[in-house]
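Here the chain labels run A, B, C and D in written order, and each chain numbers its own residues starting at 1.
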Amino acid sequence: MGKNRLEAFSDGVLAIIITIMVLEMKVPESAEIKALIPVFPVFLSYVLSFIYVGIYWNNHHHMLHTTKHVTGFVLWANLHLLFWLSLFPFVTSWMGENNFDHVPTALYGVVLFMAAIAYFTLQKAIIISQGPGSILAKAVGKDRKGKLSTLLYAVAVLVAFFHPWIAGSIYVLVALMWLIPDRRIERTLNVTNY
Amino acid sequence: MGKNRLEAFSDGVLAIIITIMVLEMKVPESAEIKALIPVFPVFLSYVLSFIYVGIYWNNHHHMLHTTKHVTGFVLWANLHLLFWLSLFPFVTSWMGENNFDHVPTALYGVVLFMAAIAYFTLQKAIIISQGPGSILAKAVGKDRKGKLSTLLYAVAVLVAFFHPWIAGSIYVLVALMWLIPDRRIERTLNVTNY
Amino acid sequence: MGKNRLEAFSDGVLAIIITIMVLEMKVPESAEIKALIPVFPVFLSYVLSFIYVGIYWNNHHHMLHTTKHVTGFVLWANLHLLFWLSLFPFVTSWMGENNFDHVPTALYGVVLFMAAIAYFTLQKAIIISQGPGSILAKAVGKDRKGKLSTLLYAVAVLVAFFHPWIAGSIYVLVALMWLIPDRRIERTLNVTNY
Amino acid sequence: MGKNRLEAFSDGVLAIIITIMVLEMKVPESAEIKALIPVFPVFLSYVLSFIYVGIYWNNHHHMLHTTKHVTGFVLWANLHLLFWLSLFPFVTSWMGENNFDHVPTALYGVVLFMAAIAYFTLQKAIIISQGPGSILAKAVGKDRKGKLSTLLYAVAVLVAFFHPWIAGSIYVLVALMWLIPDRRIERTLNVTNY
């Protein structure tokens, strides 16, 4: 199986996820400016999730760029990743509508954590499919950036039960870590920008 | 007509079906952990339907791989299949929100059954379009796996009126049968993994 | 401008229209079989609209097959067609939820009528872009099938104010006219099946 | 990175935005013709937004046509543009449901303004990626049409607080300016139709 249809399907699902999240921002009935106040935290969580889906789309693109053939394992590992990403609209909305309250903020972190695990699994599946001398294995290296992110999500989930805004700050921090192409940080973390 | 646009359209519809199902998981108003309890059966039925759509996408992909030309019959048989799959969000939500109650669980099976029939029809339409010596006809063989699945859906619909959880277990079982690439089972059932 | 991105965008919009219509079928709260009764007319109008969008996708595909270059006029004529098709979910739902009542059934016909006009405009735009000796002009011929459909929509809109079910039957009849590839009818109507 | 997947992803997001906006037109419960009256302003704002998304899709297409390689800056500038466009359904619905009231009409202009800024940024990112002798830089020229539009959006936002219908008229005017391929206006404004 070629990878084209896998890419097209993943692009479709990611495009829909990123767009339907905005439907969770309920249009206020009143036309006054203060009617936007309760919408604001939902907007903030929408911005955060939009950036995360953008990062996933970007990394997914680069990862599939290194491969040609798609095995059954790769296909299902990809669907598994899309599954966790498809839960973004639900947790984004729940966290935003409850002003970044304890449990919703923790659950947001759980979905980030599971998506990271699913991304690792997909990465592993592609490396296995490429056999020895895998380009992706070489490009990923020790993948310290990926491992650090996953650890930070786990920490944030626990922290969320006590100080949800610290958990939220960790989510922002990890997003920035992937967003800003700071070569110094990358070199420190020994991550090849594949 | 080439098959590219048919594939692209089908991918689009399947990507949307798999993603909008998550909109049926209503975001709870309360931020407490127990507010997730009524969401849980909807989540379970979402997972089941996500896997089914994934299986259909995968099999659809392989089936179209064997063909080049698309006749009018193939085109409408494909739309017929997409129609039944488009009912997944409705029946998934109804079954989940009613805790796998009798009638909704039966209706879920009816849609699975009709989708299986539509898949057979599409398979037949492609085989006819390929004429004698059809690659697909050879690959499908006696299609015992497909026939067994359809039979099991029919049984589950009847069982659902008495023991809906047994019906639900049958749906899970059939999904696993398609998901797990157990060569021994496949050989027993004499199904070529086309 | 090549036509590939125009086709991809149109496929995307049509795939979304055909799929979000199902969201208008509100999931009943009760799990009893009679809870499906009010859903039934919505389901019927969904089936009708699904077939219409399928017919439009099919015809759109064939029409664009005859052309290579996309002018600004073709591009906007295409968006104009997509606009009227995008109103399908609204009118489908209104007609279904009100049991094919007078005004909603008439409005459904208005949208069908406007979509037909938009389709003619797109056809004309492509013929103009192809210049003399246009393949599409030759394939369409006198386009009696298209003109008859448009006339029937107009009649149905008027009839809907008195006997909405007759109007509904006309919509079904026109759909069948495009769906069934009856060569005899086509020859009678002198329409080349481009 | 090639531009194909960027185009496909952008097309997907734009196709979804243009289509889900129609979901904001709430289907009235009553079947009487006067039940459509409150829907009418929402319909008007939907038409306006549909045209704007169409213009963006068209211009986006032409702009990407001039480039081959996609840098990280281009990729994120593109996602930034899609972010502001993804807010169209929200502001369209708020403006329409409140009969083009002061604050919603101003907010609509803010989103138009931010999308225009994001479009400039993407344009700049592509020009930088093309280096000296950029085709896009030459095609855009002084970009008076783009600058005038952005200025008019800013004016409209202020005007909206006093005379929202004048602001609305400005939005319509700018849309027409991009829609009508009037060569005289274009020559006057010294904009190359890239």
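The working rule: contacts are C-beta pairs under 8 Å (C-beta built on N, C-alpha and C of every residue); 3 or more make two chains touch, one makes a residue touch a chain.
Remember, it's a predicted structure, so these values are computed and weren't measured experimentally.
Asks: State which chains count as neighbours of subunit A and simultaneously of subunit B.
Replies: Touching subunit A as well as subunit B, we find no chain at all.
Asks: On a CA-centroid basis, which chain has its centre farthest from subunit C's?
Replies: A
Asks: Specify, for the interface formed by the sequence copies subunit B and subunit C, whether it is same or different in terms of residue numbers shared by both sides, with half as the dividing line.
Replies: Looking at both copies, the contact residues mostly diverge.
Asks: With a Cα-based fit, what is the angle in degrees between subunit C and its identical partner subunit D, given to the nearest 5?
Replies: 90
Asks: Based only on mean CA positions, could you tell me how far subunit B sits from subunit C in angstrom?
Replies: That gives a centre separation of 27 Å.
Asks: For subunit A and subunit C, what's the span in angstrom between their mean Cα positions?
Replies: Here the centre of subunit C sits 39 Å away from the centre of subunit A.
Asks: Please list all residues of subunit A that touch 2 or more other chains.
Replies: 8, 12, 16, 20, 23
Asks: Between the chains shown, work out who touches whom and classify the graph as line, ring, star, complete or other.
Replies: Topology of touching chains reads as a ring, each chain with two neighbours.
Asks: Along subunit A, where are the residues that touch subunit D in the complex?
Replies: 7-8, 11-12, 14-16, 18-20, 22-23, 25, 27-29, 31-33, 36, 47, 50, 54, 57-58, 61-62, 65, 179, 181
Asks: For subunit A, which residues are in contact with subunit B within the complex?
Replies: 1, 5, 8-9, 12-13, 16-17, 20, 23-24, 72, 75-76, 79, 82-83, 86-87, 89-90, 93-94, 97-98, 101-104, 107
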